[in-house]
Structures are given as C-alpha cells and as structure tokens.
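The data blocks that follow each hold one structure.
Next, two complexes with subunit A in common: one pairs it with subunit B, the other with subunit C.
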Partner chain A sequence: MGRNAILEVEDGNLLNTLNMLWRKLFEKKVIDALLIPQELPSGINVVQTLVGSPESLESPNPLAPVLPVNSARIVSQMTKVAPSPRRVGVVLRPCELRALIELVKLKQASLENLVLIGIDCFGTYSIKEYSKLAQEGSPPTEDFLKGVKEGREDSSLREACQTCEYPTPMNADLIIGLMGMDFEKSILLQASTPEGERILEALELKDSNETEVAKREEAISQLIAQRTKKRDELLEQTEREVFGLENLLKLFAPCINCRNCKTVCPLCYCKECFFDSPTFEMEAEKYLGWAEKRGTIKMPTDTLLFHLTRMNHMAISCVGCGMCQEACPNDIPVSNIFRLVGLRVQRIFDYVPGRSLEEELPLATFKEDELQEVG
Partner chain B sequence: MKRIGVFVCHCGLNIAGSVAVARVVEAIKDYPGVVHAENYIYMCSDPGQDLVRKAIREKSLNGIVMANCSPFLHERTFRNVVASEGLNPYFCEIANIREHCSWPHAYDKEVATKKAIAIIKATVEKVRRNISLTPMVVPLTKRALVIGGGVAGMQAALDIANGGYEVLLVERSPTIGGHATQLSGTFPTLDRPPCLVAPKMAEVANHPNIKLYTYAEIEEVSGYVGNFTVKIKRKPSYIEDEKCDLCGLCLENCPATFPAEFDRGLSQRKALYLSPQAVPQKLVIDPRSCLHFNGDQCRACEEVCPAKAIDFLQQETIVEKKVGAIIVATGYDLFPRERIGEYAEDPDVIDGLQFERILSPSGPTGGEVRRPSDGKVPQEVVFIQCVGSRDPEHGVPYCSRVCCMYTAKQAVLYKRTVPQGQAYIFYMDIRSDAKGYEEFVQRAMEEDQVLYLRGRVSKVFRDGDKIKVWGVDTLSGKSIEISADLVILATAMVPSPGAKELARKLNIIFDQYGFLTEAHPKLRPVETLTSGIYLAGTAQWPRDLPDTVSSASGSASKILSLFSRKELLHEPTIASVDEEVCSGCGYCVSICAYRAIEIDTKRRVARVNEAVCEGCGACAATCPSGAMQHKNFTARQFFEMIDVATGAYV
Partner chain C sequence: MADNEFEPNIVGFLCNWCTYTAADLAGTTRMQYPTNLRPIRTMCSGSVDPVYVIRALLSGADGVLVGGCHPGDCHYVSGNYKARRRITILKTILNTLGLEDERVWLRWISAAEGRKFADTVSKFTEELRKQGPNPVKKYWST
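The block that comes next holds the complex of A and B.
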C-alpha cells in the first residue's frame, strides 16, 4: 500500500473541492488534459468529456451516480491507434479501470502517458432513473451521497452495481478514497504507484493518519461482504432462470438482434463483428430450406448463437459492469447471465479480469499442468 | 457454378460391409451441384483412379468428392489424380466414410448409410466453396543438425553425411558414443561394444561432412523447415585444445576426485578428465569438481602444464548456424532407483548399467566380476527385472523393452566369467520378440543354467555379508529367500534429463513421461508434428540397439529425401488474415503452436508466416472477429457443412 494523503473538503462541498483538485493537476503540470464526466447544461445527465484546459472545467462531476458509458471504450478509442503523446488524466470508476486493463492486454488501449485516477464507487443508477431523479428536483449527486452517509440501501441502483464486489479501484495511480470518510470534511487520496506518489508530492498534501486508512478499509470490507452476498443471491436466481436449453431459449427469445449489448460492452473490441460479416449473408433459398425442415424459424436468425458466441469471447474478461443489460431494449438479463458464466470460467483459471496487467489472459496461455481433470 | 463428381469407394467390404454404397450413390446423384456419382470396389486402385480421370474429362467436372478412407491415407493420391487432368488439386476433398462411419457403425447398416450420405453432402458443400490454391515455394538450407551423439545421433549423422550433406552433431558431454560405450556386450550376439561403437565414433570424428560440437548444448532454435537458425552453446573446457598435447601431467597432479560418470560412480576420476575411448580426445575441467572453481586457490594443473594450455578464464561461446532439418537423439537415462523403496540403498545393490561396467574389460574391475563393497567375486547373483517399469504406482506404467534381454545377457556373461556361480532372475514375463532373442533366453536357461523365477521381489536388505532377497515364485506358489552377494536391478529407461527443455526450445511435443512424441504412431513414426524435425533412438521410447539404429536411419532417410529437392513446397491450406477486420488483439499469436503468427505493430494486424503455418486452424477458431480464416476451411464452409450434416443425419 502506497502513501495516503488527506484532502480537506472546503465548505462541506466535495464537488467543488474535487474541481479545485483537477485544476491543480493542470497547474502543477501533472496532466495536460483530463477525461472526466461533466454535467449537461440541462442538468438531466452527465457525459464523458475530454477537457483540454482547466478553464474549460465547467461542471465536472465524477461523483454523479450514473454511468452513461463504460469509459474504457473511450480510452481505447483514444489510445488504440497510437499512445497519447501528452499526459492525460482519466477519471474512472473501478469497473471502467478493470475493463481498461483487459483492453490493454488485448492490445486495444495503451496506458502510456495516462494518469489513472480511480474513484471509490458506491454504485450508479440507470440513465433513465438518474434523469428522472434530476428532473424531480434536488441534485441527485447530493441526495445520493447523503443516502450513502446515512447507510441507506438503495434498491433503485443498477443491479450490476448492487451486486458489485469490486467497489474500489485497482491499478489506479491515484485513488479518490471516499469509503468510510466523512466527505463533508475530508477524503483520502491514495497513491498506489510511483506515479501516484509523485502526484501527491506535487499536490503538497498532508499525510493521513492510520485511523482514517483503517476506517476506509473497514468500510470497504463491509460493503464488499454485503455486495458479495447479494451477488451470490442474484446469480443463484439467474442460474435457476437460465438452466437448461428451454430456459435459455426462453430468456433470449425477446432478442431482436439490435446488438446494443455488443455496442456498449467495453470488451467487445472487434473492428467488425463476426456476425456482421458475409459469413452470415445467406441466400433466400437457405432460409426457405430451414423453414421447410423445421416448420418455423425465428427471424431474425442466429440471435442465440450471437449471444453464445459473444459469451464465449467475453466470459474470461467480463468485468460485470452491466452496460449490456442497460442497453437491452427488451430487458434480457444479459449481464446477469454473462456474470454467472464469467465468474465460473474465471474461477477455473483463478483469474480476475482487471486485477493485474501481469496476469496473462488464461485462454491465451498454455500450461502443461493445468486442467488435468477436464471431462 | 461447380460441377461436382462424387466417387464412393467400397474399400472391399471395409466400407461396403456396413454402408449401402449403391443407396449412397442414388441419394447423392441429384444433390444440388452434383453432376456425376458412382461407386467402385477400390477407388485407390489404378482402374479406380481411371474412373475419376474419365469422369473429369467426360463430364467437365471441376469439383471432386472422394468418399473413402481418411485423408491421411489417400488425399494426396486423389489430388494428384485430379491434378493430372489439369484441375487444381485443392478442388478435390475426401469424405471420410470409413474411419468416421463404416467402422464405428459396423453393426448398424442403416445408421452407417445415412451418416455416409450426410458426410458426403457436407463435403460437397465444402468443395462448392473451395478456392484454387497453389503450394508455396520455400528455400532450403541443405545442412542438418543432429542433437545427441549416442548411437542414434552418430548413425543419423553418418547416413546424412554419406549422402553428401553437411551435418552438425551436437553432444553435451565431452565425448560422443553415448551409453553404448558403457556396455559390456550386446544381445543376442554377445559382441563387445568397442567393436561396434568405436569404429562409428572414429568415422564420425573423421567424416569431412560432419562438424562435431562436443561439450555443447542447444541454446535457441528459431525458423522453420528448410530454414532453421540454431544457436549452439559451447561450454568452456578451460583447456586450449590447440596447445594441449595430452601429456597427462595435469591428470597426475590434479588433487580433486569425483565419482566417474562413465563407470556410474564405481570408480573415481579427476576434476580434469578424459573418458576412456573419448572422441574427440580432448580434456575438460569439470567446474563442479574442480577445487579452483569451488573457492580454492588450486592451480595445480596450470602449474604443471608444459604447454600452458589451461585457461581458467575461458568463457562459453555461442555459434549460430543455419540448418534445414533437425534430428533429436537425446537418448535415455535410468529410472532413479531410490524411488523404489523396497530395494535398499546398498553398494551391492546396483543398476544394470553399473553391472555393465563391472562386466566390461575396460571397467573399474578390469572385466573381473567383483562386487563394489569388498571386491569379492559374487557367487549368488540376483537380477530383478521391471524395476520402476510396468509399475504405475511407484514408477512408470510402460514396459522398458530392453531389460528382459539385457538381464539375460548379463546373466550369461556373469556365468561365463564365474562358471561356478548361480544367477537368479526374477521376472514378470519374458519379452524376447526380436530376431534371435527368444533363442538367446532359452540358451541362458538351458546351457548357462540361469534360474528364472516368475514373480516379484518384496524386499531387498543387507544381512551381514549377504544381501537378503525376499520374493515369490508364482509358478510354484512358494515364497523364496535368497542370500545373494550381489543384486542387479533392471531399472526402467526414462528420457534423459533436459529433454523436455530442449523439446520446448524446438517446439515439439513430449508425452507424460517426457519421451518425445512422433507425428503419428503408425504412419509417421520418425517425424514430429513440427515439420523438419525428426526423432531417433531412445529419446522417443525405450529401444534396443537395432531399433535405435533403424529409427536413426529412418530419420536420416527422411532428411536425405528432403534435401534431394531443389526447394520446398509448402501446403497452401493455411491461415490468412483479413487485415480490414483484424483488431490486432494477438489471441492468435499466443494460441499458435508453431509460432507462425506475429503482430505487425505498425499496422496493428496479425501476420502469418506462411512457410511456418501448418494449417492446424487453432488461430481461426480463436479469432473472435473471424479475421483469421483458414484457406478452404472457412467459417462459412463449416457452417454449411454442419447445417447439411445435422439436417440429414438422424
């Protein structure tokens, strides 16, 4: 564990304090640009923005309890072709960071010149829920943080968030530590890499004492325990729902082949999806042949094959961010099913996606002595 | 539009016995795209091949489905037939209705027939989408590398060198010859190995086409058939060979001793040593046993050397060479007897190779049979066979193949040296299946009075001057106790240490015991799955001398035929990348067992080295976007085949 510093919250306003922190990062030349969610002028949502100068930081709000997009996709978009030539701070939630690490392993993103700023995550609402709350009156971020402070369990958070067992950032240079903190007074800044240490140095903050660190640790383990329990309940239920061919077909029956799940998944990285390739362009005769053989075929075809193939490709790296489920217009529990399968596969290889850059993708490594008891 | 012809082979009754071939032809003749279908008793025969040629000419066929045995056997045959009619040979595919159909469904004609139809229809779908391909031309370096200088390596090197090609022979110990030089005699002829092996060693050393690298190891291998690059690490001998004239003063003055490997610890050698009959005649200093290298100031050899040939600062050197083909002949070791707890650690309980040394005229006892503990001539000698072998619980489950015979030989040689002595052999079965072997064993029993006891030994332990052996004779049902003077264990052959590491460098496969694996146990027994790399001798499996020499000559002849070509042709049914679709994720790179793919970092796409790709298809199966496709095995072809096969087969 690296160095921990205290960031005093001024006037009880955490967002303003953080805003000053971002500006300071620019001033101290720690970063040349910043990727951070900002509130839309209408106030009904936040979007990811890339900010080129501190003056343009109008309404940054990385605490807004909503995840419009898994930003690992955005970092990949920016750094895939060539690494960033200038230093970019990227403010990411834990699931975004983990997805990013997987993408780096898959050569779809580069961490070169990036300053990874991870933020403790208490969960997010769906975009719809968030904008509903925003339109109903008081700013959702404040209400949400108040609820967190009071220890309120919020059942309107996204299912993926309520069952997320990785609420704190892994592999960030700098962690914005909120858990267990009285964030009207102060929060923790934790450096977990040499780069992070240099940033803390530049910010000239005072070190935290051990009690504060212990308080955060305590809060984290409590939250993880609670979420893991919920996760297991959810996955048990999902397993019952999906078990057997009939159930599987039933669950995926509403799929209209819109591929939203693929589009929003941070790890579906293919330039062109196999299912959009000419391999699946069939002659009318072919469809008619199938129809004659089976009486009826569901149109569009190959929807289940699409999901199973995507699962086959994703299971080992699925971070469970739940974006797929959010994007499904027909409420198919895609994420729950993917997590159920993903977790099983990952356990076989003792692999946690996004845990470490050094851990090789299990399906891309060969060990002479593994899986002795298959089948 | 493809005009496809289908040819259904009866394979005598192999196929026609369970597949109703006439019905198959009937079912397939009107299938879309099929313009010709017929059946014949042996399609691979000359008249059968003529039927195919005739149909191609008369019906203008441009797609051929041969429904017969595995493509392993006759794919090449029929592609040549098709090519002889001017068609691209890759428009011909095999529908395997024998191994995949008639044999496994031999007792259900109905199922076999329906399945044969399904397999053929699926193959028609494949051929419909096959594209024309041309084999690639690959340059060829006509120089071979042989790894291991035992009998197998020497034989292979000589065969290739006598064929007129250059050979690099790499041996990690200071001398070539291998274990065979340790032997006292050979079965069943009782030749003395010096007469067999020594001339070969000399021939290797003096052959103008053989470059010998003794006391050297393989550091790295890259490249592919015809174009390997090897790095050979020459270990420092700490002696400048050009200066040394083998006067022997250093040997006399060296104060450090070490159990001699050549005598398997039954004698001592100096830190500075030269095995008897070593080829080449070059001294080495073994840094493990040399005082100078173990914290001492000793320079005794340097001080006495009149030629100033000692160089303690000598470093290892790396030699880089290009070769076109490689033979791996890394040989064997013996199963560690300490892993069999019943057989006591005792100087008079020895392994087979130790007894070879005792029987050998060049051995520690000068050929007189004397036991290690006190030099006494043993009067009662017990041989125990299958020590470690055929013992899945404590050792290895396989039969070590040579122990029955060498035990019989050793017992005979013992009896001829100590005529009044008694030899007992505990055995499980006697495996004496080669020319003259069974007769030899019978002679050992009848003429040399060796006492064979069928049964296992439960315990071997020291009892004063004697070694007690408790066993059982399962034929008489009696338990047996022998007070022996010497016990010889026929321990199993295992691969020599380091074979696995070498296999990894060469990218070839080994089995669960570490023996190197051939490409096919029946049809490609000397090749590995990596083309251009061949196996010889006991690195592959326990073998006696004739089998070792045969396998070595087999590998050598493969290389000779390879080198007789002007250039190499490489199968074009390999992987190819659609660069528009490839995301450069590198899954294919890590999955490729042949190291044939790399990422073009500039363009961020995968690139297949076509000469290295063996067309296994693992990359195509792994690629999530389908950017990697296997030529004439595309995803679309598979989908069509599955569709047809599953729709028709009930």
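The block that comes next holds the complex of A and C.
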C-alpha cells in the first residue's frame, strides 16, 4: 500500500476543493493537460473534456453520477497513433481504468506520459435519468452524494453500477478516495505508484492517519459485499431468462442489428468489424438458396451470430461497464448477458480484466498442460 | 423423417498438416467410416475463429469437428494450444446459454492417424445420431 494523504475539504464544498486540486496539478507542473468530465453549460449532461490550461477549467465534475461514454475509448483515441511528450492527467472511473488496461494489453492505447487519476465510484445514472434529475431542480451531484452519505440504496442507478464489484480504481497513480469519508470535511488521496508518491509530495499534503485509511477499507469491503450479492442475484435471473435456444431468441428478438452495443463497447476495437466486412455482402442467389432450403430466413440475417461472436471475441476482457446495454435502443440486457458469460470464461483462466498489466490476455497465451478435457 | 433415420451433418475444420492429411490417409487406405462429415481444410486449428463454428451451428450443422495436430506438434508451434483456449471459451459460452456445447468437438489427429480419424468421425456421428437433430433447424428467427 502506498502513501495516503488527507485533502481537507474547504467550506464543505468537495467539488470546489477538487477543482483547486486540478489547478494545483497544473501549477506544480505535474500535468500539462487534463482529461476530465465537465458539466455542459445547459447543466443536463456531463461530458469528457480535454483541458489545456487551468484557467479553462470551468465546470469540472468527475463526481457527477453519469457515464456518457467509457473514456477508455477516448484515451485510446488520444494515445494510439503516438502518445504526447506532454504529461496528460486523465481522471477516470474504475471501469474506465480497467478497460484502459485491457486496451493497453491489446495494443490499442499507451500509458506513456499519462497520469492516471482514479476516482472511487458510487455508481452512475443513465444519461436520460441524469438529465431528468438535472432538469427537475437541484444539482444531481449534491443530491447523489447526500444519498451516499446517508447510506441510501439507489435503485435508479444503472443496473451495471448496482452490481459492480470493482468500485475502487485499480492501477491508478493517484486515487481520489471517497469511500467511508465525510466529504464535507476531508477525503483521502492515495498514491499507489512511485509517480503517485511524487504527486503527493508536490502537493505538500499531510499524511492521513491509519483510522482514515481503515475507514475507507471498511466502507469498500461493505460496498463490495453488497454489490457482489446483487450481482449474483442479477446473473442468476439473467441465466434463467437466457438459458436455451428459445429463451435466447426471445431475448434478442427486439434486436434491430444497429450494432450500437459494438460501437460503444470500450473493448470492441477492430477498425473494421468482421460483421461490416465484405464477407457478409452476398449475391441474391445465396439468400434465395437459404430461403429455399429453410423455408424462411430472417432478414437482415445473422443477428444471433453477431451477438454470439461478439461474446466469443470480447467476453474475456469485459469489464462490465454496461455501456452496451445503455446504447441498446430496445433494452436488450446485453451487458447482463455479457457479464454472465464473461465471468464464466474469465474464471477458467482466473482472469480479471484490468486487474494487472502483467497478466497476459488469456487468448494471447497458453499453458501446455491445461484444458485436456476439451482437447 | 423418423428419428431413427436421422443422419447428422458434421462440418469439419481440419488442419492442413495433420487432421486433413489423416482424412486423406483414411481414404487412400480404404478405411470405412460414415459419410456425414463435410471437411473444410484450414491452415491451422488456431486459425478457426469461433465465428465459423457458430455460423455452422446456426446454419443447421448438427456437429462441428475442429481437428488439429497433437499438442507440441503444431506446424506453427502453438496454434493448436490457442485453438484449445478458443474452443474452451466457445464451449463455455454455449454451455452457459444452454446451447448444447457437446455438438462441438476438438480433437488432435496426426497425419499418421488415419484410423483415429475414421474412428473419431464414426463416434461423433454415432453420438449425434443419439442426440438428434440440431434444434436450431426448427427456428428461422436466428
């Protein structure tokens, strides 16, 4: 465990305090630019922004309970061709960090010159729910944090969040520790890498005492236990709903082949998806031949093939961020199904996506004496 | 068609260096085995993406055989080990979704094992006869 420091919250305003922290990171030359969610002027959504100078930090709000995109995609876009020689701080939620680690292993992103800042995550609403709350009146972030403090269980959070057993960042340089803290008084800053330690030194913060750290640990394990229980309940229910060909077809019946799930998935990285390739462009005679043979074929074809193939390609690295389910126009529980099969295949190789850069991707390696019951 | 007359269709993805050559050997040495397997020659069992197996199953194949070189003997050093992981994942997913993963077989058959090839096809055909037709054929809505 690295060093833990205390960040005193000024005037009970956590967002302002964090805002000062971002500015200080610029001033102390820890970062030259910052990727951070900011509230849009309309107030009804929060988007990732890349900020080049501290003066331009208008409305940063990494605590807003909404996740429009999994930002691992954005970091990949920023670093894949050539990482910058400048230091870029990226403020990410745990599922975004885990997806980023997977993308680095898939050679789709680089951590070079990045300062990874992870934030404890209590969960997020759908964009629709968030903008509804924002339009109804008081700022959603304040209400949400108040609810968290009171220990309220919020059933309008996204299902993926309610059942997420990784609410704290892994592999971040610096962790903004909120769990178990009284956010009106102080929060924890945790350095989990040498880089993080250097940042804490530059910030000249005082070390936390052990009780604070223990309080956070306690809150984390409670939340994990609660969410794991919910996850298991959800997956049991999902398995009942999906099991068998008939059920599977029923579940995917509303699919309109829009491929939104693939587009928003942080890990579906192929430049040209096999399903958009000329392999699936066929002459009319082919379709007519199938129709003749089977009587009727569903058009467009290959809906289930698409989903089953995506499971085979992606489930091993699925971090369960739930973006696919958010993007489905017809509320197919794509993410729940991916979580179900994902956990099963990940367990075979004792693999947790995003846990460690050193753990090889299961499909990129092998052991000579394994799985002999299969072949 | 009554059940006892059911003849399964098996799609075989056979690696060029071992299992496909074994099939050749079985043929040239006049071994008798069921005609239910439709062989497709691939360069390596490791090059068989799960999409091909799923496609075959969803198109109504009753079984899919992926055949490769014995572990340690892959022409490309480690393709068959990677195939083993891929097929394991595929079978786990099929199994989780209740989709009869026993319709997918992964077998190591070397170029010298014509007998083993003939026996494998016989056994797979027999098992599939018992299991019956792939239920996917009842649905057009895949």
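Criterion: the second predicted complex is superposed on the first by the 371 of 375 C-alpha atoms of A that agree within 3 Å, B and C clash if a C-alpha of one lies under 4 Å from a C-alpha of the other, contacts with A are read in each partner's own complex, and residues count from 1 in each chain.
The working rule: contacts are C-beta pairs under 8 Å (C-beta built on N, C-alpha and C of every residue); 3 or more make two chains touch, one makes a residue touch a chain.
Here the structure is a predicted model, which means the values were calculated and not measured.
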| item | value |
| --- | --- |
| Subunit C versus subunit B on the shared subunit A, clash or fit after superposition | clash |
| Subunit B versus subunit C as contact partner of A:V81, first or second or both or neither | first |
| Contacts of A:L245 with subunit B and subunit C, given as first, second, both or neither | second |
| Touching partner for A:A315 - first (subunit B), second (subunit C), both, neither | second |
| Which superposed partner A:K28 touches (first subunit B, second subunit C, both, neither) | neither |
| Dominant contact partner of subunit A by residue count, subunit C or subunit B | C |
| Touched partner set for A:P362, first subunit B, second subunit C, both or neither | second |
| Touching partner for A:Y269 - first (subunit B), second (subunit C), both, neither | first |
| Partner chain in contact with A:Q108 - subunit B first, subunit C second, else both or neither | first |
| Subunit B versus subunit C as contact partner of A:S277, first or second or both or neither | first |
| Overlapping contact positions on subunit A, where the subunit C interface meets the subunit B interface | 274, 313, 363 |
| Touching residues on subunit A, where the partner in the complex is subunit B | 80-81, 106-108, 269-274, 277-279, 293, 313, 360-361, 363-365 |
| Residue ranges of subunit B in contact with subunit A within the complex | 580-587, 590-591, 599, 604, 622, 624-627, 634-636, 639, 647 |
| Residue numbers on subunit A that touch subunit C, as the complex places them | 239, 242-249, 253, 274, 290, 294-298, 302-305, 308-309, 311-313, 315-316, 340-341, 344-345, 348-349, 362-363, 366-368, 370-371, 374-375 |
| Residues on subunit C engaged by subunit A in the complex (per definition of touch) | 50-51, 54-55, 58-60, 66, 68, 71-72, 78, 81-93, 96-99, 106-108, 135-137, 139-142 |
